[in-house]
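As written, the chains take the letters A, B, C and D, and residue 1 is the first residue of each chain.
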Amino acid sequence: MTADLALHGVVPPLVTPLTATGEVDRASLERLVEFQLAAGVDGVFLGGSSGEVALLDTAQRRAIVEVAVGTVAGAVPVLAGAVDTGTRRVIEHARQAAALGADAVVVTAPFYVRPHPAEIVEHFRLVQAALPCPVVAYDIPGAVGARLVPDLVAELAETKLVVALKDSSGDLATFREIRRRAPDLPALTGSELLADTAVALGAAGIVPGLGNVDPHGYVRLYRAARDGDLATAAAEQDRLARLFGIVDIADRGRIGFTAGALGAFKAALALRGVIDHPATNPPLLPLDRAETGAIRRILTDAGLG
Amino acid sequence: MTADLALHGVVPPLVTPLTATGEVDRASLERLVEFQLAAGVDGVFLGGSSGEVALLDTAQRRAIVEVAVGTVAGAVPVLAGAVDTGTRRVIEHARQAAALGADAVVVTAPFYVRPHPAEIVEHFRLVQAALPCPVVAYDIPGAVGARLVPDLVAELAETKLVVALKDSSGDLATFREIRRRAPDLPALTGSELLADTAVALGAAGIVPGLGNVDPHGYVRLYRAARDGDLATAAAEQDRLARLFGIVDIADRGRIGFTAGALGAFKAALALRGVIDHPATNPPLLPLDRAETGAIRRILTDAGLG
Amino acid sequence: MTADLALHGVVPPLVTPLTATGEVDRASLERLVEFQLAAGVDGVFLGGSSGEVALLDTAQRRAIVEVAVGTVAGAVPVLAGAVDTGTRRVIEHARQAAALGADAVVVTAPFYVRPHPAEIVEHFRLVQAALPCPVVAYDIPGAVGARLVPDLVAELAETKLVVALKDSSGDLATFREIRRRAPDLPALTGSELLADTAVALGAAGIVPGLGNVDPHGYVRLYRAARDGDLATAAAEQDRLARLFGIVDIADRGRIGFTAGALGAFKAALALRGVIDHPATNPPLLPLDRAETGAIRRILTDAGLG
Amino acid sequence: MTADLALHGVVPPLVTPLTATGEVDRASLERLVEFQLAAGVDGVFLGGSSGEVALLDTAQRRAIVEVAVGTVAGAVPVLAGAVDTGTRRVIEHARQAAALGADAVVVTAPFYVRPHPAEIVEHFRLVQAALPCPVVAYDIPGAVGARLVPDLVAELAETKLVVALKDSSGDLATFREIRRRAPDLPALTGSELLADTAVALGAAGIVPGLGNVDPHGYVRLYRAARDGDLATAAAEQDRLARLFGIVDIADRGRIGFTAGALGAFKAALALRGVIDHPATNPPLLPLDRAETGAIRRILTDAGLG
């Protein structure tokens, strides 16, 4: 099975819907997965940054993979984030996800500690060796500090330690260098705003947090870009860039960047009727009524009202 | 009991000795704890940054607190790090530590996510509410990004959410402001190099990673500084500053900063016969023979050979 | 005249050739300008980052604009950098450049000081009011710290304080937002590695430092991208990306990033016979013989040997 | 003369008073210098960061040194900042200052460019060789990015390229290491908040921007700390730390950090009747009436009303 995993297309990093008491809202998550599948996505990614991976406890991490694996029922690959500071911690998360049926786990560089590139390779070597499923490398320097530089990604690709790269660096020049250095490694972009460009530059797929809210838009964008219709892709990208304005609505004097962005995705999904509650995990603070109203207006302007 | 916890003095953040197969080396840890107690420390801190907290798995975290609580046997307070990215994860760690007998848990700002100061307060509020033992706030921006700014610490102190601050920011100007803003909150410095100065400025105690290697030196330094003998304290500090050169021995072209520093502490403890093996958790790479030799020479120069 | 300035196409930021005694090598600069014009560039930019603007004294700044204006003789626009920390300093530089015949001056955000966006706008307002020629805004956060964010650029465009933007941020997502916010403002990219993509996304032109070495390549790239032949543009971009490897040859343990990059451009131009000496201004240290040999090999591989 | 320059004591970095039309207000600057001398300072520093050095044009830089040299009339050393991005630029500034009678020039690491430590040494070597007066090294990473690390300072001291260090890094651990590595090099701190501690740790003097406003306070602090009366010094330091609150009054949503801090120094000096106008150079925006009122209240609370 794992040998056949060929990641491509639209693979949204799903939010983690919560109940009023803070547990995983399984019914809402099922609806979200079905909403995504109906839109034509090519995979789903549970426990990514948009899924509040850094804020989930053990039971929540278990629940989201269980629900996703059950709901997807093999239709597309299910990816699970195993995001933690050190190798042993990551292996704990990753083994649980694999045991629950995830098709691959997604792993960042170690953080809190300050690793050398050789130690990042060692991290992936040990994680891969401990798992029955393939590993996707996740470059997200804004969260973990370290970069997965081209030399390092090329080494991970050549030694078959990872089967794909998710690039959330925002750095397209490096993305292109990685494409030149490791042309056979599927590379997916985490960018909401450069998705069409990344596909035009050879990205195998896209992993946009905003895809939670408008998977149909990103599916149209991806297919147009993949098929070489860059004008259509760019027009869709422009519309989605305006929709992405929802992440800037929250008052940064009151709540943090992460709370504003993830809260906006959930507020939009609740407004669209896909999930029941917009609640986020602690310590993120909620959007207020005025902010939610502003998000509603942006949805309407984007044709999703 | 917890109401009486008055943190002060020398509270070294103990390394986590490992066996050749990578498990916690309980015998070595017992010897390390006894070595510290014999030197006159006023507390021990398990699972801090020097204890590789970011690299420990669940079983390792359990083992180190078990061993420390058992060996200390109530002689001094046992602190346990509950360092993780989000509130629910931290509560999982902290409850385990409290159940094992830790006298207090040590908690940083959330990381990976980008919290607003109000969300950091919310984090401490929820962690404190979930625990039977007191919480120590841990300011370590080099590892987690966010600062515990004076306004925030003053709020944590006034609302009794924390019983002490461990300041590893290296920023003495802010330390003094916190002392003015929250004079009743015991503040401990994590600095190896400014320990005497911090005590002269009102620090209740010191938490030096290098205290693993030379607890006698830091006990002498602390007591001299506490008693107003700044010249003696400064002379001891200068000697310890030279000893701290062990953290800069490793070749940064080959291994990372964390590997070099924590590896040096463990190599020195092994050379001194306190622990059996200098091994660190993955993905940290080991010091080589020449580096270990250089550490041996520094130990000798510091009178610890 | 200035009303007609419509910046577009390839506008290389020329290096500043020096004689063995450290003065501007006017004969080499003339040859460099002629080499660029013969390759078909659409403008030249003197005193940019590649021109060592931060290292030039008053006489050198005067010399480079004199030579360029004289050699270009009106064939294409001549841009001059007026890069300094504060408004009054910038006006001194900019007036000199305008008096010498520069068609426009290129101005960054203030630095050393830490400006608010409103103060950056004030800076451009005062500079523009003091000059007889138009101003180009230069976003180079890697050198000056501050960003020219989309709101700010939109305000500069609406109030006609600048006639174009040179974007050396490397951030294509923001570049696209600026294109949406200020669609009538010509935007040029400073990226060597994303030039084709930037043109495809609406860049009016490109300002690649590597264009010193291979202007023919960037002219081909620009024209192909402008005409919608993205495959040809991308193939040229890939070749130029390999050539750009010359900036990574220098040993970073011995000389700095700027010395390595600007030294490589000059070494390549000397190897190609365009300028006489590869010397850079102090305090930059020179490449050594082995590094120059490695640059020669890369030139050969790129078909420029 | 220069061989005898032994920098020590209180050497405030003077603000640059401006007239309503933006020129140097010579009468106000004379009064400021006399105010400082009457308070007992041991030197004055013109054209430092507090003197808006990054915002001064050529005529302003000339005027401030002329006025200071004339007013001081040899009573204490006059230092002049020669702060710019590159070696040749710095030499231009420094020669002008020396010709006007400055006793020493104060020089930072190069900036805008990204220098290697060896290039920073080269910078100081060339500047020193070009000047008839001694050079003071100025470590201010918050403004220029690069650090003057201990190895580098030790090399500058051993080779006699500089006669003193002004440390505005805020990093006392490194300050102490420099004291160990170069014990004969006078080191002055630029910290407003750790002045007593720095003197206790061996600083030869202090260069506090807030000394513009309350030189008497810093003279008392310095003399107490120098004479070993740390309690008196600390009490003065605490009072001055509260006074330093004036730099945080300005609304950071409206004007920048530099504008808020330097504007506060000037507003306080105008309120105290020392200078005529609180104006700062462009592009800094002014404090408003409410902010000035808040500064007045802090002055009153500090006994300076």
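Basically, contacts are C-beta pairs under 8 Å (C-beta built on N, C-alpha and C of every residue); 3 or more make two chains touch, one makes a residue touch a chain.
Owing to the predicted nature of the structure, the values given are computational and were not obtained by experimental measurement.
Engineer: Please give the intersection of the contact partners of subunit B with those of subunit C.
Structural biologist: Touches both subunit B and subunit C: A, D.
Engineer: If we define chain centres by averaging CA atoms, which chain lands farthest from subunit B? Would you check?
Structural biologist: C
Engineer: Take the average of all CA coordinates in subunit A, do the same for subunit B, and state the distance between these two points in whole angstrom.
Structural biologist: 35
Engineer: Send over the residues of subunit B in touch with two or more other chains.
Structural biologist: none
Engineer: Taking chains as nodes and touches as edges, what kind of graph is this: line, ring, star, complete or other?
Structural biologist: If you draw each chain as a dot and join those that touch, you get a single closed ring.
Engineer: Looking at the whole structure, which two-chain pairs count as touching?
Structural biologist: A-B, A-C, B-D, C-D
Engineer: Considering only the defined contacts, which subunit D positions touch subunit C in the complex?
Structural biologist: Residues 49, 52-58, 60, 83-89, 91-92, 110-116, 118-120, 122-123, 126, 143-144, 252, 254-259, 281-285.
Engineer: For a test of understanding, state which residues of subunit A touch subunit C in their complex under the given definition.
Structural biologist: 170-173, 176-177, 180, 191, 193-194, 197, 200-201, 230, 237-238, 241
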